[in-house]
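What follows is chain A paired twice: with chain B in the first complex and chain C in the second.
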Partner chain A sequence: MRFSSLLHKEFRECLPWMLLAAILFVAVTSVLFQTETYSENNSYRFSRLSPGTVISSYKITFYPAMSETGPWLFFLSIGLGLALGVRQFWIPNFTGTWPFLLHRSVSRNTILAAKLTAASIAFACSIVPIWVGIYWYATRPEVFAVPPTFRFFIEGWIFITLGLVTYLGAGLSGLSTAKWYTTKIFGLAFASLIIITTFSQRSLVWVLTLIAVSAAILLSRIFDTFLRREF
Partner chain B sequence: MSEIVLETEGLTKYYGDSLAVDHLDLEIPRGCICGFVGRNGAGKTTAIKLMLGLLEPTAGSSRLLGCDSSALTPAIRQRIGYVTEGHRLFRWMSIAGLEKFQRAFFPKQWDDKFFTDMIEYFDLPKKKKIKHLSNGQRAQVSLALALAPNPELLIMDDPTLGLDAAIRRQFLEGMIGLIMREGRTVLFSSHILGDVERVSERIVVIDKGILRAYCSLEQFQEAVKKVIFTFADSVPNEVNIDGLLHCKRIEKQLELTLVGTDDEQIAEWAKSAGAENHTIVKMSLEDQFIEFTAPANQKRLFKWEER
Partner chain C sequence: MKLKIKLQYIATPAKIFMAVLVILCLLSILQGICIEIERTYARAKRLTAKEKPEAELSQEERRQDRIRSSSKEFLADGTIHLISRLERTSGQRNQSEKVQIYDVNDKLLWEGPRDKKPYEYLFWDRQFQVSRDAFTQQDLKRTQMITPGFSRYIEIPVSSDSKIEQIWRYHPAAQYFKGYDMRGETIGYVGSNGFTESKSEVKPLGEFRQFTAWCPVDSYNPILLLQTQKSIYQINFEKQEVELIFESTDSDIRRVNLFAWIDAKSDDKEYADPNKYRPLLHCETRDGKHHLILREPKQQLSLNLRRPSVSVVATKQDIFVRNIGSDMPPLPDINSSQQLVDKWVQEVQKKSWNMWTELYKVKNNGELELVNSYKYVRPPLSEPVAKARDPRPVVQRYVCQFSPPLYDLIIRYFGERFWSGSYLYQNRGDFFYDLLKVILEIRPYDGIINRILSVIMMGFVFWHGWSRRTSWARFIFWLIFTGLFNIAGLLTYLALNHTAVIKCPVCGKLRGLTQVDCVRCQGQLPAPERGKLDLIFSA
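On to the complex of A and B.
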């Protein structure tokens, strides 16, 4: 009951950002898909090719609409992670609500767990189902000339997990009471470094391992900082 | 001897090089209503946060209900009510939402009727959001939230700060409601001495982080006194009397603020100094506090005060 009460409070605070991300993602992908489906633009594009024309296979397998959702998913995921991190760990510093929140008949671990769970639910209920829906739609027959591969789907998941890493980084920076030019910047800088490193890797296994390890590092730092911090 | 509910031993806190609380030693027994007074920046909020385990002490320790403050268990926190400075509550929540939130942490001891009665007494609509409440209304909600679980120990950090006289009175009446319950202990910080005088039994005076006084209100009121000596000729240049806090010369009169000096000592000194007569002036608690905590040789803010 205590955890669910905390979770409800945290989730309610995440709700506006979660809805904003979901609405934006649906709106953007709808516009992109409307202009680039098999039955309309793709067929129109291919119909202009005269017999005997040599074209690159890349042109056939390339599905612009699907690939254009990638940057949107990436930026929305990073944006959502930043917004949730700021909402949960920065705003209470300014509103001065930490003492009221912390004087609960629960441990600090429980309070932090409620925050992390609420943020995970916010991700799981906003861009995750939309991404799954998009992939499901794009792989249906006659939507695209060549359906997107499973790798493409996994790359979307990587963007989503990078959003979670950003959330943890923003949370850690928000919790830190150090000066900006010292350790306060560590959370955000570490998350940025992981994002940059991820883009320079080609192996999905390596990328997923990197994200998992960095998330574990950030999580352990967040728990440690939250338990020790003075409010 | 009654049970000690709140205890600090050499409690010290530094923020970098700045000393906020310096070796605070306190023992507050069960059932005591204790006013915690000090000027702005005296270290009241820091001391309270140290007691509640929200800050780590640099040295020393404190115990609430027998449990070390730095390791307060959820079960102990359940027995402590806390009104935060500035009544910082979740702005997006309604009063009813906050009630539900708070109740979840006190499932067995939450007094629904008490909370509703208090909210009705303060004439607050439960559907109203915290962000739409005035500072005074937030204070009332904050008090109702802290009192409804019927805490054994209530700690309030400047609860009447920024409230007008009428709301302050309502607030204090609400507090008295808790005090009427048996065995409840209250520690509240304030810089409004009238509030302290109205409800406190004991007083803790803290100044620049140092504990200056911890005694009953009557003891404090008896200890700090102002005496005006009138001299026929000139006022003596040197004043050597026990407990001298401040000394002010006004023509042929000498005004001394003394602490812990009894009437016999005053009479003896008056005789030895050659004073024609002396009068002990009755001081309000506020005047006593100001004189007691004012630094020696403090400059006056306005020059006309020096005349």
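On to the complex of A and C.
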């Protein structure tokens, strides 16, 4: 009961951000679908080959169909993670609502679990269904000449999990009592390092392992800081 | 409460790991900025510095130098000419460079622009990998990198009447091509067993190494020459043909050279006169064998020679092999000890060596017949370069003294063979090896300044931590940690352990506030003085 009430409250606070992310993503994706299908049907990509010449390898290596959704998915995930992290863990410092929340008859574990669950649901209900929908539609027959591969789908999931890592990093920075010029910003810095490291990898297994380990590190730090901190 | 205690065992190491990782990254960035500023300044200084006048050379020394730097070219009858470049004239950008052509007796035969020379020399096969149009393993790795725009794919179109009808995409993990029609339906697969309709029938092509692609003169549809670990295929997607050009049963393919293989237009750089030359594919395997695959007519030969740098060409009449050699000792394996390599460099630089260029004709049974050869002497370097313990520029050497001594310990533990892999061509673009290269660039190289700095920092941590210590294990851990990580360790320690201290009311010495009892006298923390608010409790 207490957990569900808290969850309801946290989800209400996340709702504007997740709606914003979802609406933006849907709007952009719709436009991209129209332009990509037009381009594919007219085969513009292959119009540079000519007889009797050696082909430069750059003329036959291509990004998959709907690749332009990638930057949008990545930055929307990061933005949503930052917004949720700040809303849940930074804003209460300024509004002074931590003591009010912590003096309820509910354990700190429950409060933290409600926040984390609300953020996960926000991601799951905003960006994830749209991404799954994009992949499903793009792989249907007669949409694209060369449908995207399953790897494309997994890479999108990696961008979404990087958004979650950013959320955890922002949360840890928000909970830290250190000064901003010392270690307060380390949570976000660590999340940034993970994002940069991800973009120099080729192996999906290694990237997912890296993200899982970094999320575990950030989660353990968030729990430890929240349980020990004096508000 | 139990969760709090259990979490401590994970959260505390995680906190230290996060802090030291972030600080190490910041430190590396600062070091990189200093090193690059110095390099940019040094490069600018080199460009603007006036060239020192070269020492006067004697006539014999000038002659030897000219011979050494000339290219040795062969005519079809085996005659050798030496082509020496003259200086380009500045301000005349379109002028073809001027050359001088000498015979083996040092007689000047001709002088003028290179493109007007009156002799027609033999052209030689070019390495597949060197061609800027080859798609190599490193290029494939780069396309697979995860980016915000997703990873890329190789896609080959097949068109008919200027309309694309099929697209064939390469799947690196599965090592085959998968074909689609323009409606997105799968039409088949291309593997080592040719074109198949179902996924269960296709066999993988093999571990990818490189490919080159071209459009024949009469078609817009590409043909691929694809090399894997042990095989070379030619794939024509339009005709749905896969031709196995070469397969090595024993050892991997090391190098592939091509000449006149690609059907190119006359103005293309890959063009070779089909009336004079036969298409040739020259394949060298790792066991040192050379295999020649020729066309017009089809022929396959294996050469009986174990030399690394030979070039081959096939005219309509003969097959020629050019060998460039010397009596220098062979270069040690790059994966072996750096000391061996340094010793080899020193030895090679201080002596003169005999060099030669040989032309052989290949008989039908693969035996070689020497046609002609030219020998000359390569003089020693006037000043052999001495190898310093730390050969890096001055600024880099000093900036790297703030790096963790742990880098040197790790390098020593894993050995040079492990680290030399970071400079191998096939490991370019690999995150792990790139990280190794960064560590090799900023390692302190066992510098005495680095060790002194570590000791000073350990001393500071000792002084700072003595009054704040809560347990001996922690205290010693942080001392060792600071010693191993140098300034990054010190900053991590301060970030995580700088707490307030007060004077103990019992023993009068400084003590931290994170422990209830004083570590020296076990005295309790002072109790707060009673004030006006205590009226409630005093009643």
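The rule is short, and it goes like this: the second predicted complex is superposed on the first by the 203 of 231 C-alpha atoms of A that agree within 3 Å, B and C clash if a C-alpha of one lies under 4 Å from a C-alpha of the other, contacts with A are read in each partner's own complex, and residues count from 1 in each chain.
One rule holds in what follows: a residue touches a chain if its C-beta (ideal position, glycine included) is under 8 Å from a C-beta of that chain, and two chains touch if they have at least 3 such contacts.
Every value quoted in this text rests on a predicted model; they were computed, and no experiment measured them.
Participant: One more residue to check, A:T198. First (chain B), second (chain C), both or neither?
Facilitator: second
Participant: Quick one: is A:S5 in contact with chain B, with chain C, with both, or with neither? Answer first, second, both or neither.
Facilitator: A:S5: touches chain B, not chain C.
Participant: Check whether A:E13 is in contact with chain B, with chain C, with both or with neither, and answer first, second, both or neither.
Facilitator: Only chain B is touched by A:E13; chain C is not.
Participant: Pick one for A:G70: touches chain B only (first), chain C only (second), both, or neither.
Facilitator: second
Participant: Touching A:G96 in the superposition: chain B (first), chain C (second), both, neither?
Facilitator: Once the two structures are laid over each other on A, A:G96 reaches chain B alone.
Participant: Who wins on chain A residues touched, chain B or chain C?
Facilitator: After superposition, C is the partner touching more of chain A.
Participant: Overlap the chain B and chain C contact sets on chain A and report the shared residues.
Facilitator: Touching chain B in the first complex and chain C in the second, residues 228 of chain A appear in both lists.
Participant: Under the stated contact criterion, what part of chain C meets chain A in this complex?
Facilitator: Listed in rising order, the residues of chain C that touch chain A are 3-4, 7-8, 10-12, 14-15, 17-19, 21-22, 25, 131-135, 139, 141, 143-157, 159, 163-164, 167, 169, 171, 180-185, 212-220, 222, 262-265, 268-270, 431, 434, 495-496.
Participant: List the residues on chain A that touch chain C in their complex, please.
Facilitator: 41, 43, 45-46, 49-57, 60-64, 67-68, 70-71, 74-75, 109, 139-147, 149, 151-152, 155-156, 158-159, 178, 182-183, 186-187, 189-190, 193, 197-202, 204, 207, 217, 220-221, 223-225, 227-228
Participant: Using the touch definition from the top, list the residues of chain A that touch chain B in their complex.
Facilitator: Against chain B, the touching part of chain A is residues 1-2, 4-5, 8-9, 12-13, 95-100, 102-107, 228, 230-231.
Participant: Show me the residue ranges of chain B that touch chain A in the complex, using the header's touch definition.
Facilitator: 49, 52, 54-56, 74-75, 77-78, 80, 82, 84-86, 88-93, 100-101, 104-107
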